[in-house]
Structure formats: C-alpha cells, structure tokens
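Accompanying notes for the structure given below.
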Amino acid sequence: MIDADMTLEETAEGIRSMGIRGAGRIARAAVEALDVHAASLPAATLDEFRAEMRRAADLLLATRPTAVSLPNAVRSVMRTLEADIPLDEVRSAFHEAARAFIASSTGAVDRIGEFGARHIRDGDVVMTHCNSEAALACIVAAHRQGKAIEVFATEVRPRNQGLLTIRRLNDEGIPTNYIVDSAVRTFINEADLVIVGADAITVNGAVANKIGTAPIALAAHEARTNVVVAAETYKFAPLTTLGDLIPIEERPAAEVLPDEVAATLPHVRVRNPAFDVTPAEYVDLIITEVGAIPPSMAWLIIRDYQGWSIEQFHRPFERA
Amino acid sequence: MIDADMTLEETAEGIRSMGIRGAGRIARAAVEALDVHAASLPAATLDEFRAEMRRAADLLLATRPTAVSLPNAVRSVMRTLEADIPLDEVRSAFHEAARAFIASSTGAVDRIGEFGARHIRDGDVVMTHCNSEAALACIVAAHRQGKAIEVFATEVRPRNQGLLTIRRLNDEGIPTNYIVDSAVRTFINEADLVIVGADAITVNGAVANKIGTAPIALAAHEARTNVVVAAETYKFAPLTTLGDLIPIEERPAAEVLPDEVAATLPHVRVRNPAFDVTPAEYVDLIITEVGAIPPSMAWLIIRDYQGWSIEQFHRPFERA
Amino acid sequence: MIDADMTLEETAEGIRSMGIRGAGRIARAAVEALDVHAASLPAATLDEFRAEMRRAADLLLATRPTAVSLPNAVRSVMRTLEADIPLDEVRSAFHEAARAFIASSTGAVDRIGEFGARHIRDGDVVMTHCNSEAALACIVAAHRQGKAIEVFATEVRPRNQGLLTIRRLNDEGIPTNYIVDSAVRTFINEADLVIVGADAITVNGAVANKIGTAPIALAAHEARTNVVVAAETYKFAPLTTLGDLIPIEERPAAEVLPDEVAATLPHVRVRNPAFDVTPAEYVDLIITEVGAIPPSMAWLIIRDYQGWSIEQFHRPFERA
Amino acid sequence: MIDADMTLEETAEGIRSMGIRGAGRIARAAVEALDVHAASLPAATLDEFRAEMRRAADLLLATRPTAVSLPNAVRSVMRTLEADIPLDEVRSAFHEAARAFIASSTGAVDRIGEFGARHIRDGDVVMTHCNSEAALACIVAAHRQGKAIEVFATEVRPRNQGLLTIRRLNDEGIPTNYIVDSAVRTFINEADLVIVGADAITVNGAVANKIGTAPIALAAHEARTNVVVAAETYKFAPLTTLGDLIPIEERPAAEVLPDEVAATLPHVRVRNPAFDVTPAEYVDLIITEVGAIPPSMAWLIIRDYQGWSIEQFHRPFERA
Amino acid sequence: MIDADMTLEETAEGIRSMGIRGAGRIARAAVEALDVHAASLPAATLDEFRAEMRRAADLLLATRPTAVSLPNAVRSVMRTLEADIPLDEVRSAFHEAARAFIASSTGAVDRIGEFGARHIRDGDVVMTHCNSEAALACIVAAHRQGKAIEVFATEVRPRNQGLLTIRRLNDEGIPTNYIVDSAVRTFINEADLVIVGADAITVNGAVANKIGTAPIALAAHEARTNVVVAAETYKFAPLTTLGDLIPIEERPAAEVLPDEVAATLPHVRVRNPAFDVTPAEYVDLIITEVGAIPPSMAWLIIRDYQGWSIEQFHRPFERA
Amino acid sequence: MIDADMTLEETAEGIRSMGIRGAGRIARAAVEALDVHAASLPAATLDEFRAEMRRAADLLLATRPTAVSLPNAVRSVMRTLEADIPLDEVRSAFHEAARAFIASSTGAVDRIGEFGARHIRDGDVVMTHCNSEAALACIVAAHRQGKAIEVFATEVRPRNQGLLTIRRLNDEGIPTNYIVDSAVRTFINEADLVIVGADAITVNGAVANKIGTAPIALAAHEARTNVVVAAETYKFAPLTTLGDLIPIEERPAAEVLPDEVAATLPHVRVRNPAFDVTPAEYVDLIITEVGAIPPSMAWLIIRDYQGWSIEQFHRPFERA
C-alpha cells in the first residue's frame, strides 16, 4: 500500500489531498517517506543531516492538522536523531526505528482486531462510520470466526469513504446495509454495537474522528447502544495534557459545493470541517493494541505507553 | 408553480418522482389536478362522476405514503361529492372547495411566516433542514423585517434539496452557511434556533419529516437549543388517533448508490427511508396557521380544526 | 366473569382481597353488585332508596383506594339517583345506567384492542406487566391479525398476576418469555414496544399502575423504546384536577413475608405498595376507547369526555 | 393593600420601582388605579373618555414588560369601553368590570391555595423562591390544615424578596430554612416538592418567573423532585400563540452594583434580567383557579378560559 | 463457614446449586477445596500433581460462568504450580498460597467495611440488593459505630436471597424495610445511598451483579442518589482488558416457574439470567480493600494490583 | 500578600474569618505561619519541638474543615519532623520544606495558567464563579496572549467574592459581565466555557468548591458547555480514598441574615453551607500543574503525585 519510491513531496501531497487517508496509513506513509528520504540524503555532517531531516519532517507535519498519528509517528523516528553518536550510526538507528514503527503499526491493527472481535457476539448488528482500518479489523475478525454478523455502513459525505468500506465488507461476504449519514438515528435501534476508529483521542477521552461520528455516538447513547472506538495507542494526543485543544481541519469548500455553483451564490459560505469530537461520556470502551480501556484512561496511555513526561513537552521540537 | 394543464397522470408521476416535492406543494398540486380533471370529466350521472373522481383520487393517494398533506387535501375536496344534490351543483361545489383549499394553503404559509418571524430575534442564527416552504417563510419574513439573521442549511442527502434552500436564501440576501448533514451537531452550538417543516404530525406530537430532522432535533436538545416546527394544520395525521403508525416511505436504492455500482456489491443492500420521526419531547413549538401550539396539542388540531370525529374515521373512504 | 348473584358484601370482599382484580373488572363488578342490590332493595320512599344505595356505594368505595375506575363507575350510576322523579323511574334509570356502563366498559376494551393492535407491527416484540385486560386486548388483536409477535411478561410480585397473563397468552398461542420483575432492564433492548394498563391517570398524565410499571417505563425511556398505556376513559382521575394526589394503597405485609417469618424479625418492616406512578414524560401514548392521546391530554378526557365541571367537584358526594 | 387614593402616576411609578410587586398585586393595583381614574375623569364625550382611558392604560402598560398579568388585567377592563352605549353606561360597565376583576383575582388566589394545599402531604418539605402570593397560599393553606410542613426559602437577589417570604412564613409559624439562591441544588434532595409562582406562562407551558426559578426547576428535575407552579389564569400570555416571545425585563445595574463602585470598573457591565424562563419539561403541574393542568394545556387556558380568538389577536389595541 | 472436609465434587456441586453463594464465599470455598484436595493427592511426580490439580481446577471453574472471583481465586493459587522446584516444595507453596488467599479475602471484607462505613452518615437510609458480604460489612460497621441508620432490602427473586439479608440486619438490630424488587424506584427517594456488591467488574467499570442491580442503579441515577459498589479486588475481570464480554449465566427455568406449571404452557419460555450489568456511569464509587476508586479505575486495579500483564493473558491456562 | 510577621494565632483567625481566603492562599499562609513559628520556637529538645509544632499545626487545621489544601500543606511540611536527626537539622529541613512548598504552590498557579490559557480560544466567552487564583490565572494568561475574550462573573453570595474577581478582571482590561448567582442558567448559552477553581477534589473526581459551583456545572451540562476546573494537585483529598466524605463547612447565619433581623424570626433558621459538590460527570477536565486530566484520574494524582500509600493513611497524625 505504501510506495517506497514516492518522493517526500509526493507523499506530503498525497496526504494533503486525501489520496493517502486513514490515520494509520498516513502515519506509516510519512515514516516510510522519511526513511526513504534519509537513505538517499547526501549529508556531510550530523548537523546537516538533522537540519535536512527536520525540514522534511516539517513538510509532512504541515499537511493535516487533526490526525495526531502523524506527529506521533514522526516524533517516534525523529528522536533517534538526538543521540550524540556518529552520523552513520544515526542513519542506521533512524532506519531501524522507521521499520519498527511500521511493523508495530501493522501489528497493532491485527491485535485490535483480535480484541475487538471478542466484543462482537454471534448475531450482532454493528454500525460503523467512515473507513477505519482498526474498526474494520474487529468486524472482519468476528466474521472470520464464523459469527453471523450484519453491518450498517454510512455514506460519509463529502468524500464518500463509505464506498471503500462497503467494498471491503462485500469482499468479505459480510451482509451490509448502506445508508446516508443522516439515517443513523433511524437505524440505531437495529444495531447492537457501534464500532468506529479515531483520528485523535484527547487526555480526557474525547475522540476526534470523521465528521458524523459524534451524531452516531449521541444517537447510540440515546438508545442505550454501546459505542466502541478502535484505535492504536499513537492516536492519543500527548499535547492535550498541556491544555491543547485538537485543531479541527476545515477542508476545501469544493468538496461540498462545486466551485461553479458556489460562484452563483455570493451569500452562501461552505463550512467543511473534516472531523468532529465525541465526548468521552458517549464512548464505552477504547480498544488499543495494549488492551481495552475506558476513555478516561487516555492519560495513562500517554504517560505509561507513549512515554511522555512533562519535561519533554517543554522541549521546542515537539511543539513546533 | 402548479401547471393547470398538467394531466392527472403527469401530476401523479411528478409527485412520485419528487419533481413535485414539499408537503404543501404536493397537496396543492393534487387538488389542482383533481380540479382540472373534474372540470373536463364527461360524466353523465352523479354516480359516474363520483366513481371516476374516486379513481382519480386513488391514483394520487398511491404516490407517496408518508406525507399526510396529500390524503388530507384530497379528502377536503372529495367530501363535497357526498352531498345529494344535482351533478352540476356537485361539480361547482367541488371546484369551489378546490380553489378554497389552494387559497387557504397558500395563505397558511404566509400566516405561519408572520407568526414564526416573531419567534426569531435580531441577531439570531437559525439552522434549517431540507427545503420547507413554511420554515423558509418564517426565516424570510424575519429577514425582511430587517432583523440581522444568519442561517445554517444542510445538504440533505440523497436528493440534495439543500441546494434549493440555499438558492432561495441567497436570492433573499440572507447570509447562509452550507454544511453536510453530519455536521449538524458540530454547528448546533452556534445556532440559537432550529426551524424545520413537517410531512406529518402524529396525535402525540411526533413529527415525521425529511430524514435527518431527528438527528438535528436530538443535537439541539442536547445543546439546549429550541426546535420549532412550521406546519400547516393539514400536516396533522388524523388516523394516528386510531392507533395508526405513520408509514415511512423507503425510496429507490439508486438515489443513494448507482445501479451499476450496486450490481458489483451483492452483499450490500441500500436502505433509503425518506423520512424520520422526531419525538415530541425534542420539539418546543409547532407554528400553524391557527397559532403556535405545543406538540401535545396535535389532538386538538385534528379534533377542533380538521373537524374529525371518531365516527368519520370508521367510514371506508378515509381509511382506503 | 361477574356473578350476578354475588351479594354486595361478597363483591366488596372480593375486591378487597383481590379475588376480583384489574381496574376494569373491579368497576364492572361494583356496578353489577349495585344493580343487583338496587333490584332487590325493598325501599318505600325515594329518600330511603337513595340513603340505602349510598350506604352500599360507600361499602364498595372503601375497598381499594388507588383504582379510580371504582369511584368513576359508582358515580356514573349513582348520579341517576339525583333526579326528582318517582321511585320506580329512578330504579329503572339506575338499572339502565348500570347496564350501559357494563356494556360500554366491555366495548371500550374491544375498541382499545382494535386501536392498539394497529400500533404493533409485524415482527414486534412487546413487553407487558401485570395482567391488564386492555393491554392484552391490543396484543391479542395484533396476533389474531396474523402479525408475528412475541411477548415478554413479568412475574409481578407479590401476587404473581403474571401467571394469569402467560396463561392467556399461551392459550392464544403467542410466543411468550416469562421473566422476574427485576429482569426488565436486561430484556428491554430486545423489545420494540411496552404496553401496560393503568389503574388511574392523573390530570397531568402520570399513570398509577401495578408496582413495577415505573421501572419498566424508566428502562424503556433509557433505551428509546416507546411506552403505550392502554386505558379506558374511566381510568382518568377527575379529582386530580383539584390538586388531589392519587393515594397509593399499601397492602398487607403477609403478601410479601409470611407472618410466621415476620414474627421472628422484629427489626424488619414490610413495605408493600400495590402501585407506583409513572411520570407522563415516560409515556408516549395513551390508547383509550375515544382514541389515542398523548398523556398531557388527560385534562381534556376528564373535562370533555367524563363531563366534569369545576362546580360538580365541590358537591359532597364525589369527594366522599 | 391597594390604596384607592393613589394617583395613576403614583401607581405607575410604584409598579416600575417595584414598590408594588408580584404579578397579582400589580394587576389589581393597575385596575384599581384605572377605576379611580375613570371615576374622576371629566370627559364630555365617549370618544374623549375612551381616548383618555387609553392614555392612562398605556402609561401603566409601559411600566414592566414581562409580567403578562398587567396587559391581561388592563385588557379585561378596557374592553368594556368598546360598547356603543351612552357614556354613563360605559362608565358604569367599566367600574363593574374593575371590581369584578379585583374580586376574581383575590378569589383566584384562595382557590389556588385550596387546590395546592391538597398537593402537599403531611410531613412534606417544600422549596419556594421569590415571594409569590399564589405559591404561599398553597403552603399556608396546607399548614393551616394541620399538616406538619417545613419550607426552604431563598434570598432572591438582587431585591431580596425572600425576606418578605420568610416574614410571612414566620408569622404563620411555619418552620422555614433561609438559604442563598445558589444553595438550591445543595438542599433540593431534602425537599419533597417545589412550589413557585409565575409572571407569565407561554402557549407551550414555559414559565417566566423571577430570576433563579429555572435553576431550581433544573435541580429539581435532576433530583426527581416535582415542580408545581401556582398561577392565576391571567398569567397566561395570549400573544405567544402568535409566535411572540416573552420580553425579559432587564432592570437597573444599581440593583446589583452601587453606582459609585460601578464607576470605578469601566470594563465591567452589569447584566440584571429580572426573570428567567423555565421550560415546560421541568414543570409537573400548574395550579390555576380553574383547576390543575399540565403545562402543555396553556393553549386551552388562553383559548377556552381567557376567551381569545385568532381574530381578536389582530386588532390593534391588544398588540399595542 | 467453609467445611474443610467437603470433597471437591461436593464443593463444585454446592457452588453450582447455589448452596454456596456470594462471590467471596465461592472464591474461598473453591480455594479451600483445592487446598484439601492437594493435601490428600497421592501424586508421584510434579507433572502428575500438576495434571491432577488442573483437572480439579477445571471442575470448579465450570460451575458458574459469571462470577470472576472464582477464576481469579483459582488462578492465584494455581500459579504456584508453575515453579520448577521439587514436588514437596510445590505442595507447600500451594498450601501457603491457599491460606494466604483465604486470609486476605476475609481481611478484604473487613477493610471494605471500615472504608464503606465512613461513607455512611449518621441518619442515612441505605438501599441494598441481594446478600453481599462486602456491602453488608459497610452497613453493619456503620451501625456498630453508633450511627442511626435504616435499610431498604429487596426480596431478590427468584432465589430470595433478601431473606438472608434481612435476617442478618435484624440480628444486628438495624431497622430494615423489606420490599419487592419492583418497588425500588418507589422508595429510592427515601434513600440517601445505595450500596451493593459485585460478581464481576469489567475493565471499563461496568458491574455485573445479581439481576435487579441495574434497575436500582438506574432509579438512583434518575433521583440523584449515589451508588456505591463494595467489591474485593479479585472481583475485577482481567480478560475484559482483551475485549472479552462477561458471560451472563442463565439459570434453570424451574427457579422461576415450577416444571409442572411450565409443562402446561408450551408457548411460554422462562428466561432466567442470574446477573445484570450496571454501566459505570451509574456507579459513583467502588470500595475495594486497597481503597475507594471511581469505576473507570478498574484497569489500574487489574494492572497494578492483580499484576496482570498483556503477555500473561496469552498463556493458555488463564483463558481456559 | 502573606505577612511573615503575623503570629500563628492571627493567621488562624485570618483563615477562620475569611480575611485570608482561597485554597491556595490559605495553604501558603498556614505554611508561612508554621515556618515563622518554628524559627522562633525556643524548644530544648526534638520532642519538645515536635510537640509544640503539632500543637501549632492543630490550631491551624481546626480553622476550616472543607479546604483540603490546608491539611495537605501542613502535612507536607510536618513530615520533616519525623526524621531521627538532631534538632537543628530538623529545624533546617522544616524551613526548607516550607520555602519549597510556597515556591511550588506559586509556580503551580503559573503553570495552570499556561495550560488553561491554551484551552481558551480567541473569541471565547468564559463564565467563572467565586475568586479562584488558578481559574483567573487561565483567563488572564489567555487575555495577555492577545486573545479577545469576555467573562461572565457572579456575585457569590453571601460573601460577595465576585467583587474581587471583577476588580481583578477590570484591572487587566478584560470585558466582564457581572451577574447575580441565580442568573447563571440564563447566560450559560452565551458562554463557550466555564472555568472554576476547587477547594477539594475527591478520589472519584467530585469537586467541592464555593456554593453555587454545582448549579453552574449543571446548567453547563444541560447546555453542552464544557466545564474546566483549575486546581493544584494539593487540592486532591487523600482520605477520600479511604471512604471519607468531604465535610462541608456551614458558616455563621449572620453572613446571610443580620442577627437583629434573625432575632425577629423565631421560626426561621439560616442554612449557610460555604461549599457544594459538583459530580465528576459535569466536569470535562481538571487542569493541574502536572497536566490536564479527566476527573476520574484523581486517584492517580493522590497515589502517584501526592505519594500517599495505604499504610500512611493509617498513621494517626494524618487522620487527626
């Protein structure tokens, strides 16, 4: 899925334009691009290498503001540059960190699928939204275990990622109902469980995910239907422990209204936020690769599993 | 907007295919078509006239199951046929009833606009959904009174009636924000008021309206934002007083997924209900042409303003 | 079911001991007993007849405090005594009023069954509680219409009226699940609808019914499941319009704990209220023989259908 | 309590400055002032008399915008001026209407007290707010019936009307707890019932009353404590049936912050709304002199008891 | 209370038939039975000893599916078998682990009682359900400290464990009200606090406990009454961190309906789940022997106090 | 702000009478007073020094029961006395601990301000209550960063600490609205965020703060407005992990009602609790100097940052 020959600029553009999408895929693509870039970088000194790699990292970090998987992934490889060791050892450490991240990200999805599948009972009807690798891993794993399940999947305006989801479910032979986004409340009483992914999870367990997730969670809460979020630990946003808010990316108007139509409507402005925020009280469980947790445990994931300390937060790179 | 030359069949097809849409417009078009039909009907006897008109009425009644304005309108003219008077007097009474219904339906929207505009304060931000004549009448009237208002209007998948709404608002010069349906919870905290229309209102004040209305009302309730329904009295569904449920029309799959795509997805089924039901507890006020009422007053509208008695309900025509 | 030969005292005792139970059956038994009593009463003057009948009415009224069907029924026949006409005409008027009440009470149940059955869809799972004639009429009528329905019925401690309910449902061949009262929240997500009866309905739509009804309604509300109350119009409590509270009958301790066990437990007191009160906000619809209404329409039932005026409320008999 | 010698201007000033306060007292004072004014008015013609009385009415109507008792009371006497009869007969009709209004207003409070007292049980703890004649009538009547009750009364910033309330309760010998306004949630679990008055009730049952009422109702709702509103029928606001919002009077800053302090704080603005609005869903019952009703019955009070028809609403005087 | 002479099979049968009941008593009885079994086991080799003990453990584990105290207790002693040391040292280590578990389990209840008693104020009314050692320890300790408390205890259908509870409370001289299960909502407003036990607590703080617990918690939440769960740390279910759901044991129909009655009702099926699940949002505090925690801290109890690591979860024994 | 010359008794009196107020200021003043006291204490032996310092600590601890900052602060310095080292070394260690506490307390407020300011967006309207150093630090820091913010501040009856708050905000040039306490629900829909301080936070995240905080949090929850609590880690109450309830201080009646008025009202009792308790479910985030956490993480703050172990809790001093 990741093309190692893609240049750094191509990867950045691919993320920006949503050719590469999904928080996990974005993270792996960015690390892959940095790895390739590092391998071919003709730096003479360690300082030169560091400076150039930081420029490269900044290019990638600037593409999408909301998905925290991107800075988390970039940081996890970039910190190998800080060691005071010879340039070739740094190159080698960087490469190893990049491969390790990609392997662990892929493994995390499998593990989440294994855990999440246990949460789905034979006969369950599951509602999902957008096209989350981790959420689909749970559904597919349950289906492969022979459980008779059925899915409700949404269209996901304005980019229609729901089409990718129903293709995937159809390929697995899972009976699937396809509905417009605004039909979620109508069908929630037919669902036993909601499973969605996450783009970022804050320190208090709020979940930033594709626009439309919060209305599903609200409707599920109204109908006493459990909501499960499937998310790798690198989706948790460390800077929210310092009070930061998750920035919500607002994408181009043309995704919603063609420019030629918009031009005829001077009093109309398109608002196109790509994500919304589901409060922790509507989320029953977050399934990560280190186990299932309640949303309020997000702080511990950041502290004990991502390994952030307050001091680190104050170093300039991480905030930049 | 109503073409008097349109044949009965054309009108029926126009309603079915949603070329003619909106509960008020459907009601008036149906009455107009019956009026034209009656005028040109070469019936020799009163019985023949009645039989033919009933066939015509049945044709129209079969087009859309949810919108109660249609049977209410048809019934309001058809009952003139029951008098035991000469055929030409019946023809004349029928024509007068038809003109009266159309005039009163148009007048009702104006009156609702007048009442609803008082409910909008200078500086208010109003959220609306779909393309309701009555709801827009309130918004436009408030704007014309010089109040500085702003609107959030939704896309309204799968038929995109939101485009009609934003064109109308743009023509009036009202600043409007256009959003996808699943963004309503994100923006509800910026709204002071929600105003929507209705396709049918049950005896206990539940409101059947375009799919997506109930999620807005739920999000508004969660955020302590008032929800106002603008609806003519012929939107109230008399048979719900006898325990009837409002049938929810499920429209063709192709409105959501092109047939050629659907053909490649054998495990995927499209579910396409055209309406949803908002419970009375999420509706603060219904504005009708006989005044503003709380939703639980629906019974009185049916009994005291539509003039139904329990005995009438048991006559065969009305249930057919 | 009503034994015309049963003496007045036997009927009173039968109601008190719950040999005769269910608000509708109590009402009809009381009127039957008064009718028989009146027929055989050897009164010489109208005043004597009135005095004796009032003593008889008082005997019956003292049996059960909560079920308002009892005073409503008694009042509906007793007011024939107030006319200033010869004794034999009064006797005759009384008899006719008694027969009319019994016929109308029985007819009311049929009509409620007809209305309520429309509210049950093919495939629905219905939860009920206690042994309500009117609620069962809805369920049985839906089943007889060929709808495939399934029922959850509760045990109904401490008198186990649930046994009567499951026998009735079994006789009809309706698939029924029998559960303890405290399992209602566990199974509410499997139910599409709750249908229960009522012993009394207050002016603001609160429903006094068998203990355990309010927890079901609460659990249904939590799970977005609709609650329908099936109740004849004589279940509405007119004196609540004057501020009266519904008295909740507390029945003998021995219904819960055998006296010999209780005797060994000096620090233990049994509390045995026979009814609880479900607030109107948890009730979606009340189905009466004059149509389905929202609970807040109770006042209109009392005013327009029971025909009470404020002046009447102040006459001594009604309050006694 | 009403001084018949007070001039019209003095009464207007007394209402404006809150020397005369409480919706019932304001209504009676205004009618009294008009009655006195009419008696001494040296008008030569009916037209002159009408014009002068309208000026007088306008003077009074301009004093307080929120309390609907004022325009309702004024209208109830002013409409006698519209008859086409000789001046002296109009004078006489006006005087009779004024006396009738005052008698009925006073009688209404007694009747509400009688009804409301039935709603208070022996041993109940009642929370009240501000200094409502009607609410206190219920509490005092229950106490005089020998019920052992206890009251929580609030301070009622910024005008401290709570002092009047605790004096009244103390004079009756009712054990009373006096608390600051922000302690209502702390003590609500010790209360069995909340009883408050109303300044205006909208067509959908929302209750405008002294600032602080809505927080009590919200806390009561959170704690499953019933809220009763005691209000004469002339507190219902007829124009809200035409979409009107209740205007909320904002009173002088100096009631909250002395002018000399405010002068030292240029960046600080005092906001001093005298009333807030409690939504109908937090009100269990409204007790009026024509009986107890649920809040959603407000429309019927306006239509059937105040006698408004839609046509009347469009006459210029009422809206002025 | 535990009979050391009871054979392994007798203990298993005692647990299955609920002769031995209560999560703590079951745990101690199982460990006691294994200890006795190990002492008398004539194994020649360590492998033989291990195999036989695992068979014994499996016999016990198969008795009741929901109560997690059983596998937690068995695991806590069985892991001593894994050491690579001589057979007699393993025997001795096993015995010590068994005695330590029993002592710590008993001590845990005392400690919970001490902590929980502090949470009960003088004058409090406490509602409890079923017959929880830990919950009763809190109540009894508060009473013994001289606090004037009163208890509401439920019947607990279908096994009537409430009788055990009221006997215990009566023996302590604590004033107790005994009510049917479906009366909990009626009396919750008289309670200041709910204290119940737990059979299993999931990683997100949901509490599996005797059927009827969730309705109490729901009613308490509706009435703003705090709910405290008293539970030893071995009640927390470690495998829920891997996505496992708590299996809910469904017990024999005959507990609810005698077989001879059931035989006459072919369309009736008894559903008899022994437990229900209370969501964390209705639980204010869990009191364990290592301190009081909010429910969402369950993960930390499993990780930091039970000492589970993700790797351990994947070893075959624990899942068996 | 802290006067080092103030004697121990003066400090104790200053805290008791609220001359010194605010949980942070109280903590620092107490430590300062102990430091001064220790420096001038003419103790001959370590035991004498310890005994005298404990007496001094007890004097301070007795002043205000609710604010946990006081015992937490006192304990943090008093534990230096327990070392078995020479008296002068103990004196020196005590002095160092005192200076460290004061420096860290002051630094904590700055750090909270830095974190909290990030949570406030340009254009936000913030509601606050009472006069919290930490909450104001967030607001002022956001303002100084150039964000255009506006504040709603309450009066805070009965001690009117709101005056201090509006003076501080005015001095900073922040546009501020000043309202009575009971107007918070009216204005909550104009606020984007609520920020308040805390006097004590329990192990399950409930927040004891100035009376009136819980009604704001409740109104914010009703209106989907986030509530942030700004609190140093020494505000978390360690003994609540052992089941302790936070004692709520009830202050003199004369703060609410002058003694001379109270004397005339024998049936009136003033209830004057100084604090109320906001449940964790209404708090979105707690901002401490070690980062932002959800309320349910309180246990970890007590365990991992205050460094309490269960054993310490059982030592006599801490409970005294």
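Here the chain labels run A, B, C, D, E and F in written order, and each chain numbers its own residues starting at 1.
Just so it is clear, a residue touches a chain if its C-beta (ideal position, glycine included) is under 8 Å from a C-beta of that chain, and two chains touch if they have at least 3 such contacts.
All values reported here derive from a predicted model rather than from experimental measurement.
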Problem - Contacts common to chain E and chain F (chain labels) - result: A, D
Handout entry: Smallest number of contact steps required from chain B to reach chain F
Key = 1
Exercise for the section: Can you spot which option in E-F, A-B or B-F is basically C-E again, with over half of the contact pairs the same by residue number? Expected result: A-B
Practice task
Find the geometric centre of each of chain B and chain D from their Cα atoms only, then give the gap between the two centres in Å, rounded to an integer.
Solution key: 39
Fill in the blank from the handout: Distance between the CA centroids of chain B and chain E (whole Å) is 57
Completion exercise
Listed in rising order, chain C residues that touch 2 or more other chains are 222, 281, 296, 300
Exercise for the section: Treating touching as the only link between chains, describe the layout with one word: line, ring, star, complete or other. Expected result: other
Completion exercise
Here the pairs of chains that touch are A-B, A-C, A-E, A-F, B-C, B-D, B-F, C-D, C-E, D-E, D-F, E-F
Practice task
Sort out for me which residues of chain C touch chain A in the complex.
Solution key: 188-189, 222-224
Problem - Residues of chain B defined as touching chain C within the complex - result: 203-205, 240-245, 279-281, 295-296, 298-300, 310
Handout entry: Complex contact set, residues of chain B against chain A
Key = 152, 154-158, 163, 166-167, 169-170, 173-187, 211-212, 214-215, 218-219, 222, 256-257, 261, 264-273, 276
Completion exercise
Residue set of chain F touching chain A in the complex reads 114-119, 121, 281, 284-285, 287, 290-294, 296-297, 300
